[in-house]
Structure formats: C-alpha cells, structure tokens
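Right after this note come the structures.
Both complexes below contain subunit A, partnered by subunit B and then by subunit C.
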Partner chain A sequence: MDYLTRREELILLSIGNLKENAYLVSIREHLSEIMGQEWSVSTIHIPLRRLEKADYITSFYGEATAVRGGRRKKIYVLTEKGYKALGVNKSVNDKLWADFSDFEIIKG
Partner chain B sequence: MNKPPEKIELLLLKLIKNCERESLSGDFAEMYGRIFKRKGIFYAILWYVIHIIKLIPSFMRNLLIRSLAMTGNYFKIAFRNIIRNKNYAFINLTGLALGMTCSIIILLYVKYELSYDSYHENYYRIHRVAAPFSAAISSAPLGPALQEEFPEIEETVRIYAPKIWKDRELVNANQKSFYTDRFFFADPSLFKIFTFTLIKGDPQTVLTDLNSVVITESTAIKYFGAADPIGRVITYENEIELTITGIIKDMPFNSHFRFDFVARLDNYYSKIDKDWENRWGNSAFVTYILLPPGFNTSVITERIPDVIKKHTGRENGDDYFIQSLEEIHLHSKLGKEIDKNGDIRKVRVFSAIAVLILVIACLNYINLATAQASIRAKEIGLRKVAGAKRLQLVRQFLGESVLISTLAFAAALLLVHLMLPLCRDHFEMYFDTGPLTNLNNMIVFLSITVLTGVFSGSFPAFILSSYNPGAALKNYVLRSVNRFTIRNFLVVFQLMISISLIICTWTIYQQNEFIENSEKGFDYEQIIVLQTGRMENVKSKVRVLEDEFRNIPGVLNVTASVRTPGRRPFWRNIRLVPSNREERENMSIQFLATDYDFIDTYKMKLLAGRDFSRLHPEDEETTYILNETAVKMFGFSTPDEAIGRQIIQSNRTGKIIGVVRDYHFVSMHTEIAPMIMNIFPENLYTVSVRINTDNITRTIDTMGKSWNTIYPDMPFDFFFLDEAYSDYYHSDIKTGRLISTFTFISIFITCLGLFGLISFSADRRKKEIGVRKVLGASVSMICRLMINDYFKWIIIANIISWPIAYYVTDIWLNNFAYSIDNSLSVYVSSGLLTLLLVILTIGFRSLKAAKESPVRSLRYE
Partner chain C sequence: MKTPKFFQWLFAKISDDSLENNIIGDIEELYIEKLKSSGRLNAFLCLLRHLFKSYPFFFADLINRRITMFMNYLKTALRNLMKYKGYSLINITGLAIGISCCILIFLYVDHELGYDEFHPDHNRVYRVNSHVKMGLSDMSFNAACDPLVPVLREQYPEIEDASRISRRLNVLMRHNDESNYEERLIIVEKNIMNILEFNMHEGDFECIFNDPGTIIVSEYISGKYFKEGSAIGNSISIEGKRYNIGGVVKNPPNNTHLKYNFILSFKNNNKSPDKMHNWANLSASAYIKLQSYVDGQKFAEKIRLIAHEYNDDYFKMKNWTYTTELLPVNDIHLYSTYREYEPKGNIIYVYSISIIGVLILVIACLNFVNLTTARASARTREVGMRKVAGAHRRQLICQFIGESLFLSLMSSIISIIIIYLSLPYFNILINRELSINDLFNPLIVSGMVLLILIIGFGAGSYPAFFLSAFKPLSILSGKTGSVRNSRSPLKKMIVIFQYAITVILITGTLVVFKQIDFMKNHFLGFDKEQKMTIPAGFRNNYLSIKDEFLKLPGVIEASASAGTLGRTAGSRTTRRTEDDADELIMDYIYFDSDFIPLYKIELTAGRNFDERISTDIEGAFIINETAARMLGFHNTEDAVGEYIEYGSRALHQRKEVIGVTKDFHYSDLQNKIAPLVMGFDPEYFRFLNLTVKTEKLTETVSSIKEKWTDQSLGEIFSYRFVDEFFDRFYVSEERVAKIFITFSFLAIFLSCLGLFSLSAFIAEQRTKEIGVRKTMGATLTGLIGLLTGDFLKWIIIANLIAIPLSYMIMDNWLQDFAYRISIGLEVYLVSFFIIFVISILTISIQTIKSALADPVKSLRYE
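Here is the complex of A and B:
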C-alpha cells in the first residue's frame, strides 16, 4: 500500500470536503483558507495529476461559466482507492498520535 | 467580465497539454478575475505570469514525451541514409572527425597553457615585482623595503636562480656529481607563499637552518636511490656544504619556474657579497610578494620609486611594477625569466585555427546535405503529407547531423588518443595527464560535438523542411538559384580559409629559412663549449685549461669568455670620452669579457684596428674592441675614427683598438645591440674550442683527459654551440611545423568536401553527360563544363584571402627584428597551389564521369 505525502493527503481531504464542487480553484481556496497561506497553482496542479494517474481521484467536466471565459471546470471526486488510501493514512496517523505522550505539551 | 490579456493566455494555452487545455485555462481565467477585482490589473497580470512560470517544470515532461515519439524512426532513417550514401557519409565523418581531433588537441593545449601556476593555493594573491626595462628581476633590498612600507604585504620572497644567466652548477652528493641549472636560492618564506607538496619535512621549518637544502623527489632518487636522503650532505660547486631537510614532490610542468634544489639565499649570497642585502644596484633576484585577496596593486606600483629614493637617495630609472602570478606565463614578455614563458598570441592563433578547421568541416556537411536535398525530397513530402510538422522535420535533420557528429567524435577521441604522444614529442605541446579520462574535459568535448552537429545541421534542416509537399512528391527538380549561391558562398569561404593558411604557412617557412641561412656575423659551427664556473679556484685555472687544449691535435683555436655568443652578455654603464667633446656621457652597453683569440675562434670580421694580442701588454684589461652598432651609438662616422679613442669604465681608463662587424649574439628576434669586448680574466667562465671535423671523438676524448687533470673534482661536460644556438629558433620552428600540419589538414578537408560536391553533381548529371557525348562532345569539353565554375570561386577566394593573410603575417613578422618582406610571389603561388589542388581533386572525378560510356548512363529510361 502506498502512503500519501502530506500534500497529497491535504488535497484528497479537501476534495472530499468540497463534495461535488472540487476543482482546481476551489481546492486551492479551501486549502489557503484553512492553512492561512497562499498555495500556488502548481503545488496543487502537479499532485492532482499524479493522484488522478494513480486512480485516487477521477474527474469529469462540470458547467462552463462566463467568469471562466466559457470554459468548463474539471471536477475531481475521490475514488474507492482514494478513500482507502486516506483510511490507511489516518489509521497510521492515529496510531502514531496515540503513542505520542507529549501531546499535552503541544496543545499547551 | 475581466478576462486575462489574450497574449498571455495564448502562452498558457501553448504550454498546456490538449486534454487539460480547457479546464486549466478556465481555472486560470477564474482566478485572474478574482484577483483583478481585489487588487487591480497590475497584480492580476503579475500573478498570472508568475503562476504560468511556476507551472513550466510540470509541462516540460509532457514536451519531452511528445518529442520522443518519433525518435526511433528518425534513427532508422538516419542510419539508412548513412548506409545508402556511404561516400558522402564517409566524407562527412572524415572531415568532422579530423576537425574535432584538431580542436580537441588544441583545446587541451590551450587549457594546459592557461593552467600555469594555478595549483598554488595563493594563486590569486601572489605577485611579482618586475621592471619592464631590465626584465623580471629586482634588487635584494627591494622586497623587504616594500614589506616595511606596506604592512599589507604578508610575505616576500627573493629567489636567486643562476639559470637566468644560463649558468649551471656542480652538485656532489653520495659520491655522485651532476651539473644542474635548477639549483635555486630563496628566502625561507618561499614555502609560505608557494604551494609545494612536501613528502618529508615541515613547510614551516624546512629552511630555518642556515645550511639546509630542500630537494625534489626525482633528484633524491638520482643521488641517493632508495635510501633516505634526509640529513645527508650535498656539496654545491665544491664549496658550500648543505644538509637536506626536506623532500618535495617534483614541481608540475605547468609552473613558470621549476627547481630541483632550493637552499637559503642568505647563506649563499653572503659568501659572495657581505653587504648584499643593501645593494640596490644588483638586480639579480626575482621577488615575489603575497598580498591580501583583491588588493589593488597600483597602490604599491605608484610608490615604488619613492621607496627606492628613500633608501638610496637617488631616482631609479627602472619602472618597477607589480605583476600578478596569473599574468606571468602567458602575458609577461619580460627578459630574464627563470624558465621560458608561453605566449598568449600563440594560444590565440591556435584557438582560431581550431575553430576554422571545425568550421570548414561543418561547411562540408552543410554543402553535401543541401546538395542531397533533391534526393530526400520525396521522403520529406511523404512525411509532410502524413502530418509531420515543420518543427518535427527540423528536429529530425538536426538529430541526423548530431548523430554524424557523435560518430565523428568517437573517431576523433581515438585519433586524439593516438596523436597526443606524437604532439608531445613532435610539436612540444604539453597536456595534463590523462586528458581523455577527465570528466570535465569530456563534458566540454560532448558539448562541442552537439554544437558542431547543430551548427552543421541547422541550415540543411531549415532548407529541407521548407519544401512544399506537393511539388516534392510530383518530382519537380528542386532547384532554386538562391540555394546555389549559398553553397557557392560556402565553398568560397572554405577556399578562402585554406588559401590564407597556405600563405601564412609559406611565409613562416620562408622566415625560418631566412633566419637559418642569413649571415650571423660569426661562425658557430664546429665549436665545442665548456662551462667552467665562477668559483675562485675554478676561474684561476681557466687559462691553464686553454693552454692545455691548444696542444691537442684537432683543436684549431681556443678562447674563453664570460659567455658564448648566443647567450645574453652583461649590461654595463660605460662612460666614454669622445675627443671632440668635453663632457662625459653615460652609455648603457653590452659588455663581453673575453680572452685572446676570441675573434679568430669565432671567425668574426675586423673592420678596423687590430685584434687583442699577447704582444701588447696593455691589452690585458685596458683596451676595447667595439661592434659597429656601438661605433654608431658613440657617434663616430666610420670605424676607423673610433680607433684610439678613450673609454672610461668604472674609473678605469682604456682605449679602443678595434671594431668588429655586427654579429647576432642573441636571437634575430631582437636587434643587434651596441656591445664592447675587453680582455678581463676575472670573468672568464666559458671556454670555446674550435675543432677540426676529422676524428672528433678522439679530440673530445683528449680534451676530457686534460680537463680531468686540471679539474679532477668536476665532471667533463660540453655542448656544441650550433645546437645551443638553434634553441633560439626552436619554438619558431615548432610553431611553424604545427601550423603547417593544421594547414594541411584544413586543405585536405576542403578538398574532401569539393570531391563530394563534384561527385554528387557528376551523379546527377550522368544522363546529361551521356546525351552530350552521344551528340559528339569530347572528354575535355565535358571536364571543362564541370570544372569551369570552380575557377571563378578560387579567384574570388584569392581576392578575399590575400588581405587577411597579409594582415596576419605582418603581425607575425613584426616579432622579428630581422625579417623577410611580404612578397607577392608567395601570394600568387599559394593561389596557384590551391587551384592546382582543387583541379586535381575535382578533375579526377570529372574525368571519370566524362569517360564513362554513354550507353551505360542512357540505357534505362
């Protein structure tokens, strides 16, 4: 089982959170909002391509708007493989966190 | 709605892969709109561009994959083309391989020349105090005085190298004695300034002991074999005993001076002169200083005269200046260097030749590739019909030329590997060790290969890819007047380079001949020279040795002098009292101390007066013989007028008794200087013996025996003067030889290309020739038809190349004080020679074409 990089994990999670409205612009905004810092297009675009190639996500074309100069959105959704990968990632994370005794110090 | 500017958006669209084009550019447009609303147009555009740039790395991969798709096919076609047109491929490969071989060898040579001294850790900080007038040397107190004046100077070192005066010394150790001219004396700071790898000994303390000496590894082996030399004693000139305290690795060849021994300067020089450290007038040392990085040397240079005045109270005529170590090997054209320097002009000339030869080879490729265009027209047409873009075709043809140049490169590497030892022995070009295994070199070579490929392939690629597929497939003969003029132009250009090189080579050859055959003013053949030395017990016995030699049958004449002609004598200030003027003038003149019979032994010609003679007791030290130039300098109108005049030299009065014809005692690069001879037994270090050509070995054997009875502790060692004298022209001859080799190669490549072109046109015109023959044309008519064009080109090439060659040869000839004039005959004959070569090359091929039976060429239609 492949482990996800931190960035891939974040992108997968935001695709999950955004439901049917996950495309490049919205993912970027979502992440920038949560993380409190600007993400450049390429830092999202490149992992997206990799994730799609690895079948963690799939894409379809959404509506075209005037804002976009009449061009369609490419909307990403998680695949079953993507969900599984996130699951594995979370369980690894949880295990590591559970054994981490200094949690209080970080919190404080 | 705010839309991104169209031009920038177009850039984005170009970059993006088809399947993503729509969504991604849409995303960008949307984000652009938002930023525009928030921050205005300037920020929006800036953002847009920055983010496109950030995306580039991810697009690169796409481009790469797309471009590799057809590569397999291109390779296949390229190889098929090579195999189908073996002749042309051979011509291209040979030309490019030869061109690359020359370039690589020259590149290695240039790299080595530029690497001189760079192994010193303080390379950029070491400077030399030099005086342009009296050469690379300076006086002993100058270095310490400068250090006192400028606290920035971290270290100074003075080196005394007898080699500067072409002297050599005897070194005894371990019951072995050898002469060496690499025995240097230096201050202990030598090891702080320069980087020498000590095998044994500590660089900080190695020269602290007054009697210490450091020797090189190979010297240690020469004297002591495998035994440990540390602590052993060596004897310098049978007088000074020194203890070995350190062994250094042999100095690399790319050093501007190299020594085998180095001992304490103060130890040696205080034995010659007690007050040596205060002698401002004795410029016998090479002074180096260590400055902080980036120090402006002009600060020191400007104040040197003041420093000298402060210590001596007098103005000094020498313009001392600070010279950086980087400049010394290639840029300093000073006299009295310890070892021979290189010449930046030589480096530049060879670099230019390397480029020219490679260009000639590339032009061959271009010519043949464009000539073959019509053959490949169908392939190009078909590719275009099948959807090939022009850029793809360009890439294909570039790939082909790079393939050819890579193959040529492989051949060139092999050739270079074989040629390097030859270049070392034959042309005295030196290189780093293992130049072909060095990774950096390889990278440079490979980039040259790719550049050569791209350069020679770009023009054909441009032409070939421009074909209209319809015309190409309909089998139109693809001829355009325009293209032919370009090919003619290239041929003219090649011929021009070749003709210029021939003229230069010819001129160099003539100049070398001129020097060899011109009147030197003295006869240096059949003269054996023995160097004795300057130590007191040796000097005193020189005249005994002379007398001993005189009695040997086979010896015609014997004399002694301070140095032999051909070696630079001392400069002295002489005061002359002309009888028509009262005031005394100081004259700087070359001073040659001789013994009796000097003029006879060297067969010089007396123009007036008499030779020194034992019958005149005043001849010992107080009479003088001048050369013609000196007569002129003193202002006498005829040699006879000078006879009997007084000369005052350091408070001694003497008179002129004779005048000799000018002779070239130094090389013909320099003009004959005024010089004066006088009998001065104190300064006789060299014995010259003119011998009979019969039974030379027996004569020399007998001389050796006499030597050994007089100097039992010095080995008998001699050389023939003519060999030593030709050393002066050695580098000219080598350079000439090298340039003529390159000229030959360039002509060969040019002719190869012409041969390719003519055989191509002979193939193409096979039917035409057949028809002409059927209609009654003779062989000679057909030959003329094919050759005619080339005459025109050679004449044009001559007209262009003459002024270029004149300019170049003129610069070179100015090197010599005595040189030939540029003669028209060389130019005309070079032109004719080229014509002849070209006619031979193409005539051979056209004759073959013309002789072919028309039946064979017309049979199939």
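Here is the complex of A and C:
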C-alpha cells in the first residue's frame, strides 16, 4: 500500500471530519482554520483528483446553489480504502511517535 | 454576481475538468464570500492571489497529463514503425540519404564560393589583369605589366595599396643531399602584407625583406624536410641558390587561388622592383586594395586604359592596345577567364551541382510525403477509434504531424552519421578537404532544423487534415476504409515529377561521359600512344644522344625538341614579310627532323626538315594550316617557299616556310587549334621524345633513366607519357562526370525506393481486389499488367516531359567545348531503357508476389 503524503493525509482527514459537506471550498476553509494559513485552490484541487483516482475518496454532485452561479458542488466522501489508508498512516505515525522520546525537549 | 470572466477563463484553461465547471463554481463561491466580507477590491485581490499560487500546480499537472498523452502517441507511432518495418526503413533511410547528399553538396558549394574570403577586406582586393590586342591577336594575362604597380600605388588616391607577386610552379629544391622538385614558390613585395593575409607559424614575415638570402617555407615543407625541431636557421637551396630559412608560414587554406610553399622577396631574386620598368614585360601578378569608399566597377572603368595614359607612344609604336581589367580576389577561382596556377572552379558546375543537390532532396522529400501519406491512410481505423474514444480533431492533427516530425528528426540524425562516414569518399570525389566540423556552422544547423520542420509538417499535413476530418461512423463502418492511393492525382504527379528529374540526371550523366570519351579518343592529329617525353639538357650534342638512346632495346624512335605536344616553347609575334600592317601571336615549337615521323603528323604541303640540308637548320619553318590561313595563304601550297618574319620588327628576322602540316591538337580540346610555327633550332632543344615498346615497360624506363644519368642530361630524371598528359586536361570534366554519376545513381536509387514501397503498398491495399479477380478467373499476366500499368504510363509521361528539358540543358553545357559531340537519340533510348528496366524490376517484385498469392487466404477474413 502507498503511504499518503502529508497534504493528502490532511485532506482525507478533513473530508472525514466534514462528513457529508466536503467539497473544495469547505475543505479549504476547514484546513485554513485549523492550520491558521491560507491554502490556495490548486493545492487542494490537485490532491483531490489524485485521491479520487486512487480510490481513496469518491464523489457525487450535490444540489446547485445560487452562490455558485448555479453550478453544482462536487462533494467528496471517504471510501473504505481511504479509511484503511488513514488507519495505516495513523498506526505508522503512532509507532514513530511512541519511539520518539525526545519530544518533550522540542516541545519545551 | 459573478466572478470576472477573465478569471473564469483562466481557471478553465488550466484545469482539467472544464466540462463540469466544478472548479469555477468553487472559485465563484470563494469570490462571493470574500465580496460580502471585505469588498470588491479585496475579493479581486484574493482571487488574484489564488490564481498566482495555483498556476504552478495546475501547470505542472497539465504537463503531466500532456506527457501521458504524448507517451501514448509515441507508443502508437513506434508500434506503427515496427508493424511496417520495411516501409519505415525505406522511408527514414531514403530521407536520410537525401538530406546527407544535400548537405554534402552544400558543403562543397560553400567551399567553392568561399574562395579567398579569409583575406581581411577581401571585397576590396582585386587582381589586375591585362588584355593585350596586338594586330590580329588577342592575349589575356593574369598579370599586369611591370611598371604599372608603382603608378597605381602612387598616382591614385583610391588605391590603398598595390603590390606584385611573381609565381613559379616548380622549383628544384636541395636540402643536404636530397634534391626534389617542389611546387609553388612566390616572390613578393613587402607591402603585400597590407593586401593579402599571411599567417606565420613561426618567425616573422618581414625577415625576407630585412635580411637578404632569407626564405620563408610553408609548414608542409618544414614538416617534410625538418621533422625534428624548428626549420628556422637551416639552409636550403632553390634552383642552385642558397637561402636561410627565416620563418615558417602556415599552410594556406584549401580554398585560395594563391597557394605557396616558399616565399621570397623580389630583392633576393636579382629582380629589384626598381628594375622592373619594361612596359612590355608582364612578369608578375598585381594585387590592389581599394579604399573602402571606392566603387570597384567604376574604378575598373577608370583605369581601363591606364597604360596608354602613361606610355601611349610606346604602345602606339608597338601597335598594341593594352587594357587593364580588375577581378575581385574572391572571384578568381570561379570566374577567371585567365590561365591560373591552381585548378580553376567553374560557376556553372557549382550551379549545376547545387541544382542536383536540391533535386535529390526534393525526390527524397516527395518519397517521404508519398509514403507517410500512404501509410497513414491505412490507419483510418485508428483514427476512428480515437475519435470514438473522445479525441479532438486538434489532437489527431497534432498526433500525425508529430509523428512525421519524429520521423524526419530521426532521418536527420541518421543523415549526420551518413555524412560522417561518407565525407572521406566525398572529399576524394570532389578533390577537396572538407571536415566534419564544417557541418556545425549556423547556416547548416538552422537549415537542417528548418528542413525537419518543413518535411515533418509537409508530410504530416495530408493525413493530419484529411484523415482527421472523417466521420468516425463512416470510417468504422468501412465506407472510407480503403483509400485508393493509385487514383490520387497528387501521387501521380509526385511520381511523374520524380521520374522526370531522374531522366534528366541520367541523360546528363550519359552526355558528360560521351563528351569526355570523345575528347579522350578524338584523333588529336598525331599519334600519342607509347610516346614519352623527358626533359634533357642537351649541349649541342642531341644527335649523338639520340643515337645512344636508340641503342636501348625498348626504344623505337627518338627525337629532340624544344617544347613538346601539350606544351609549346613559347609564343612570338609573327607576320608576313611584305605585309607590315598586321601582326599575329603564334605558338612556337622547335624540333628536329625525326619529330614529325615520330608523332605521325601529316604534312599537306612541302616537306619535313632535313638534317642534310644546311639551310633547314635555324633557317626554315613549318607551319600548321591555321597559321597558313591566318597569314593569308588561300592554299597551303602557296605558303611553301614564302618567308615569314618574327620577333621584334626592328630585327628583321625571317625564315622560309618549307612545309605545312595538317592541324593537330598540340594543346587541349577545350580550345580551338591556334596558329603554330615549327622551327629547327637545336640550341633551344630541351626535350627528348621517345617511342617505347609497351612490353617490359618498367625495364625500359629504368634503362632510359640509366642512360640519361650516364649522359648527364640533368639533375633529376622525370618523364611523362603523352597520352596520360593529354588525359590530364580532362580531369575537371572527369570529376564533374563522377559527381554526376554518383548523384544520379543516388537519385535513381531514391526514386526506385519510393516506387518500390509505393507499389508494394498499393498491391497490399488491393489484396482483396486481386483475390476476387483471381477467383473470377483473372490470369497472372493480366493481374501484373493491371498493377504495373499505371506506373508505366507515368514513366512514359515523365520521359516526355524530361527529354526536351534535358536536351536544352546539355546542349548548353556542350557549347563550352570547341570540339564536341552531338547529343544523339541513343542517349535518350539508353536512359529510357535503364529507367524502364529498373522500374519494372522494382514494381514486379511486389506485384508478382501479390498476384501469386492464394485468393483463399486473402479473402478468408472479412
């Protein structure tokens, strides 16, 4: 299994967090809020496409809204493979963090 | 409220899902939100920031997608190449051969046109030539009369500098105990450095002017005689005079009319410039450099009669008209009408070979276009599939053009390899020394890139635009599935055009060969077989020496002469005694009584010299028919017994004409036979003419050499066979013929290559038709006729077009020769036959194969 990049991981996590309302603008907002920095459109758009192609997420079109000039939202949801990938990622991360004893020093 | 159109457009352009307008929707939502919270300007700036930040990502992504598609195109292109290995090979190598021919020819032409352009300011440097009209004769010299140069230098402000060069073709050089004839000695004045370029390898050019008895030698001589260490300081002797080597000059470039191995100053040559004031003496070439503001042509007009301005009385007295002509130094090689020291080029040959180069390239390109097109039309199904799978027309166009660009690029790469490998042979062919480095000049490189583009686009555009326009439905349902290539008028025209070019090249080659053969075998008016000439220093003992040589077993006849066939002793003004008005310049040869029988020269009137008649020796002339006619004798018999006067008028030297010979070609065949006077003056004799037996020739030659040394007739023994010597006159024509035959062979080869693959392709496309015809009972011959008929028709049409053209061209070429062949019908019959046979063979390989094929096989799959 391929490991996720940091950006992909973040995006997958935010899609999971946003539940049924995960589309480009909301994902961007969510991430910007948490990380405190502006994300440009393409930094989310391109990973999204790659993730969809790799079957980590799937998408459907939501209803059209007036704000979008009558265009429909493309809403993303995690697939089983996406969940698994996140799980693998997390366990790897956990293992690495568990062995990383100097954490306190950095924090301090 | 909407995002500005500009942004919508930009985002749509770079992102992939423009169909769903997804991203645009997202952008718009962002924009509106921002608009509500912080106003129009901020929203705009925010969008702009997004755009800038996004562009690199989107762009990288775009390229990534393009590469994926490109890899797919490359894969299909390579698969297609592999599937039709034969065609691909023919296609690429054919074009590669065409390109390499064209580039090689370009190198040659560039070399020829670049003669003497290495001299700085070469466009201001001229050589002064002279044209002298004396009575009835016209003489041209590549030299100016001696006192003219100081006059030009001092009296004309238009001239920056003027200088003289005297040249010797062969000199006897001695170093230690080694004696050899070496070529090319030049004698110069100091200010020649201001006009022409001399690059020193070692030492200083001025040494020869500062230090008497000093000589400069070329790198070639220095490398030949002084292998170790520097040549400077050593001494050599030239024609018996000792010189110290004061410098080594770099070998002059290949493309110069002025080559040298030794440079001397006039001071060293006992011929101080201040002693050169005889207006009738043209001993040196004169070079001038004009000021940059002077118009060469106008100035040439101005000094046309300069000699008369300064010394009119003298020329009036001699009854000469002396005109001066200027020839730009870089035109000497190609345009000179004068006798030159180095082999001359000919602008006509340069033009014709350039045309041949272009024609070959055209043939190769047409092949390429024809084949690429033919092969592409078999790919209609691929086009249909791509269209169904959603390919845009633009993408298909790109695909086909890209593919043919790829092919033409491959051809160019192969052509560079071909050039690299064939350059040594090409150098032998054209007798030049081109190097592969000449290839990397900006003109060739840019020309090649342009060629790749033109050929790629040209060949790719038919399938690109024609095939991509098909409706996928009609392609896949098979309606346009098989395009009948043979019916396309473009293809017909291409084949006809190629064949017309080939016909012109073949007939041209045949005519050139016929003319050379004619010149070589033309009866020269004397017997040139088994004749040998040897320079010999007689000391009034020619009779006893002749007898000595006649004792040798291999020698049949012997004769002494001054000047010999192919090389006169000189020329003099000549006139009839009673007729004072007109003078003629005539060539002179002196020989003994055995010369005429030895060369089997025919006498039409009078008699040969006779040793027993004392008045014959130094008292009689034999003249040729042309001389008799020009002296005004209507009948050759009339000349016998008359007196003619020669040399300076004041001396009243005259001799009796005792015989008249038939005209014989004592010079080459390019020129008409000139008037010739033959005398019997033993004091001038310098040559021994021998008739030798052909068997045991080497032994005979060594015995002659032994005898020659015994009799101490000179320092170095050298000999020449008259027939070989005469053949040398046609070296440049022979070279042209070789170039012609090489390139016409290539042209024929390329045309056949094209024809071969085209016929194969058509036969393959008509497999089913042939299968059906066979089941319906068509005969083998009928089928072959069906398949070859079209091609033969085209070949005949091509011949009809090409024959008048080639006749015009070759007739024009022949006008250069004083004695020439007439172009016979057989030239055209032979060329037609050659092309016909080759084409039939080429086509039938494929047609017979497909006509023999089992119809069951070809019809089984539908």
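Note that in this section the second predicted complex is superposed on the first by the 108 of 108 C-alpha atoms of A that agree within 3 Å, B and C clash if a C-alpha of one lies under 4 Å from a C-alpha of the other, contacts with A are read in each partner's own complex, and residues count from 1 in each chain.
As a working rule, contacts are C-beta pairs under 8 Å (C-beta built on N, C-alpha and C of every residue); 3 or more make two chains touch, one makes a residue touch a chain.
Owing to the predicted nature of the structure, the values given are computational and were not obtained by experimental measurement.
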Contacts of A:Ala98 with subunit B and subunit C, given as first, second, both or neither: neither
First, second, both or neither for A:Ser42, with subunit B first and subunit C second: both
Which superposed partner A:Arg71 touches (first subunit B, second subunit C, both, neither): both
Interface residues of subunit A shared between complexes with subunit B and subunit C: 23-25, 28, 40-42, 45-46, 49, 61, 65, 67-69, 71-74
Subunit C - residues contacting subunit A, complex: 2-3, 15-17, 20-30, 32-33, 49-50, 53-55, 57-58, 61
Touching residues on subunit A, where the partner in the complex is subunit B: 23-25, 28, 40-42, 45-46, 49, 61, 64-69, 71-74
Subunit B residues touching subunit A - in the complex, by the definition given at the top: 1, 3, 20, 22-31, 33, 51, 54-55, 57-58
Touch list for subunit A against partner subunit C, complex: 23-25, 28, 38, 40-43, 45-46, 49, 61, 65, 67-69, 71-74
